[in-house]
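Next come two complexes built around chain A: one with chain B, the other with chain C.
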Partner chain A sequence: MALLTPYSKIPELNTATVLLVENEEQFQSRLADAIVQQEKDINVNVRLARKLPLPVENSETRPRIDLVVFIVNLLSERSLQAAESSLSHLGPDYFLGKLCFLVTDARCGAVPQERLLSVRRLAASHHCPVIYAEHQTEDGITMTAMRVLTILKVSAGLSPVATTALYLSTFTRCTFPSDFDED
Partner chain B sequence: MECNALVVNTPAHRPDTRRSKSYGRSCVEPPSLFWQTPGHLTTLGHRIPTSRRAAKSHNITTKVDPEQVALLIKNEWKLSHVTPLYRFRHTQLKLYSKHLAAFIIAEKQQGVAVEVGVEAGFKVTFSAVLGIAETKEDAETVFIQVHSKPLFSADTPKAVWRGWLTCVNGDPEYLRSLPPDFVSLPLFCSSGPEYLTALVKSWFERTFDCSFGSLYLNSTMLNWLAALWTGCHPTSNIRYLKLAWNMPSQPPLDIAYTVNPQDAWELWNSIHTEDSTDDRINIEEVQLFMNGLEIHFFRHFKIYLSAGTLTKVSTALGSAHHDGKIKIGSSDYITTLLTLLTECALMKTPV
Partner chain C sequence: MDEQARAILQRVIRKIPNKKLQTALRAWDHLSSEQLESLDYAQPKWLFLENLISRCEENRLSLKDVTKLEMAYYIDNPSKGTWHAYQLFQAEGDAVSVNFTQFREQLKAHLKDVVRHVSVRTKKLEDGAVWIRIAWGDNFSKPNHLKPTYVVHYLQTSYVFVLNLMSKHKPFLYQALLLSTRHVSIKEAQLSSRSLTAMRDLLMRQYQQVFPTNQERTLKERNAPPSHPSIEKEHAECAERRHQMACEAFGDGVLPKLETAVYKLETKYRGNSNNTLNDKDELFRGVVMFSSSNLLESFRHCVSAGMAEGPVTPLLSSITQKGRNSFVITDKVPGAASQTPAHKA
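Then we have the complex of A and B:
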């Protein structure tokens, strides 16, 4: 079973590719549009997927993926389950700063609190950041696109200042949160 | 550790099990476009309970007047959570009845030409329902009825609105930490016309400086109810277990999933074996139970129920809707149900 690996292809000049994985396929396309419109200086490719593993037919033509974003909608349990099962198809190199979780509807009162805790626990155990997104307003989508772009530029090596692991460690806690039990 | 008003400060010596996160975090956000930010476990230092005592059949009629119990069972109640009431005295219930009646009449007459009609007057009765509260920190339940008094006929007044405030097995530490003038009755159930509910709530808010908010039952709470009620099957026949789901498809799909009680009981029993020594139920067992039901459904219909939301759970013992409406079917397990709801209300109260 082929794992997705980031370093098996040659990077292109001034280009970055991000893969948005979402089970419901609701937010991906709007976020993709916002990302592409935001960025003028570099070429950004946004690929969309429902789940991993990605279809084998495209693997030759697919460019090198610099950042994988799992979009989890907290309103359904299935979203989280699908994200968890897709995690096992990623090569280990992605866990060093090329993966992040995006959570929508975190403030909704109908969502049981345990679901958000499970997402945070999952992300913390893999040392990945969690971004909270608001997907119902234009401003929210633009803001999320900007944040994803910032992380993408670092993951693709296009930022002269930051290296991936160092940068993303500012987003994540390095210790496994035993204070999660108190959360 | 000092407790000021309703704020629990970080104690100087921090015990391992509890830490009070920043009080300001979840309460002072501006109202969002979406649902109210639940001011929940962080402010009270609560943890979401992961295990509970199994439902015990209580013949509550030994402790409570059966007529009053019958009143609780009849209707469908809409739930709200209430912050603690300032200077509410159980001894002054008659006074409160008079004030509330006057308030309702005054509000109704505002801006309306005086009409000699059927509903000329309102009579309000406040009564204390003794025996529902479980621990000594719980305040006694207060039952409120609004009767409409027809002016001319000799009919007996008929009740147009009912409501009750209760606290059953509330978190003892929280209740003890309240300052002496405050009474906490966090769960408010109402049944009747919306305008009367609004009037009663605004009277309470003015008189006791409290605030009301709607209590919505999230899917975890409904899962607990489904599991607890199924566990009651051997002692008191639940007759059916009905779950209603709402699927976010185009067009939205509503699924009503009815399970034979014996089958549901066998599934539950295989997960949580009857053990008389330890009657605690874990959240994992509840999740396994719901997973079992969902997988069974998937096998037949190829629909993932977890992609939708659980909207209603009902058995013969009662029903609970995700919007915060409950119906109590039988008086046997009322204590367990109220304990769960009180906990839910305490968690959602913004202080």
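Then we have the complex of A and C:
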């Protein structure tokens, strides 16, 4: 089983690569377009995948991946399961600020509350941030793309002001928040 | 117009939505264009009906003509009920030479032989479909025009589509159809749908199919370049394969619009978790029903999006391959129960 590791390849100059993992493949391509169109200063590569592990055939051509984003669609149970099972194919270095969860449909009333809780619990136990995204409007997608880009720049080492782990820890809740019990 | 004709006309007019009244009456072609223009289609139905009846009386229309109106409406709007498909088997030598006139005369004669009071009306459309409207009576009562049976048959094909057939009339219709189409046996085709065209397209294979032979070509055609050079799909090949699999099972392009597929399980329960169910010798009966506004499209999407595991199980792909949407699964097929997907499309 090939683990995906962040430091096994040499980084390219002025380039950042983000891997979007989504089981349904619905939101990722639109988000990818938004990300690519927004960033003008650096070269952003976006890789789209359904789940980890990634196919071995592509491993030669694949650049160094600086950030992994798991897109979890709360409307589907399978989406969370896929993200959960993919976690085990990531190298330990990713958990030091090169991984985040992106949750869609969190505002939808039909979503079971427990599912959102389990995503937050999963993220908290891996010390990763959770981003909530609106995927039905253009503005929402642009906004999400901006946030992903901000994190990506830091985790790719392109931002001079912040180091990854420190930066991400500002919006990570590492302990189970107390409202888990109250809900 | 007698009382019965009026009652039927009232029923028919009530069934037709206001928006479609004008087109239906025009398709009927029994009122002159002046008469059609003098009617006010925005009126409430009861008032409109009175006006319509007076026009009909001017033209001395009878019950026969009113049934034609109903038939014209059904021909234009065939999705007004659940159609069932029947298949004819073992054509006799002269089956290919049956023409419309011959078919019509024989069908009428055979039906009248067995049911004394029966009213049969037929119409052949330009696309070759023969529409038959049968109002059944019995030896003592007049034909009941309120619940007619509709039959659609394409001459020289082995399929018949039937709407509103009561089981007590089934043998009569079977016999008449067999004798007039020169076939030996007839069987239910286990296909039903609200959409007549969908059933026809499915059974007569009038939709775009994908065969494994042109795999290379379609794969290359569909390999569209990505929208941006720096976006790359890791699982592109997988996605291609899944899409190909979905298309081979369910066809490419627009699919016939089926709404449901029903699987009756008559198998033993196999599972690890529940011992009370496991040990029993008797069958674990159940019905799995898939429903969607366009079922085949949903299946294809499920498979090509990777929501259902590929390759497509023969249980699902046989909807298109065998042209059925009602199946009974028994234990003779090994592993049939475990293959049945539990999700709903």
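Here, the second predicted complex is superposed on the first by the 178 of 183 C-alpha atoms of A that agree within 3 Å, B and C clash if a C-alpha of one lies under 4 Å from a C-alpha of the other, contacts with A are read in each partner's own complex, and residues count from 1 in each chain.
FYI, contacts are C-beta pairs under 8 Å (C-beta built on N, C-alpha and C of every residue); 3 or more make two chains touch, one makes a residue touch a chain.
Predicted, not measured: the structure shown is a model, and the values here were computed from it.
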Chain B versus chain C as contact partner of A:C108, first or second or both or neither: first
Partner chain(s) touched by A:L87 [first = chain B, second = chain C, both, neither]: neither
Which of chain B and chain C A:R78 touches, first, second, both or neither: both
Partner chain(s) touched by A:Q136 [first = chain B, second = chain C, both, neither]: first
Partner chain(s) touched by A:A32 [first = chain B, second = chain C, both, neither]: second
Common interface residues of chain A - those touching chain B in one complex and chain C in the other: 23-24, 78
Touching residues on chain A, where the partner in the complex is chain B: 23-24, 75-79, 81, 105, 107-114, 136-137, 179, 182-183
Chain C partner contacts - residues on chain A that touch it in the complex: 19, 23-25, 29, 32-33, 36-37, 43-50, 54-55, 57-58, 62, 78
Chain A partner contacts - residues on chain B that touch it in the complex: 17-19, 21, 32-38, 40-41, 47-48, 216, 218-221, 248, 283, 304, 306-309, 322
Residue ranges of chain C in contact with chain A within the complex: 227-228, 230-235, 237-239, 305-307
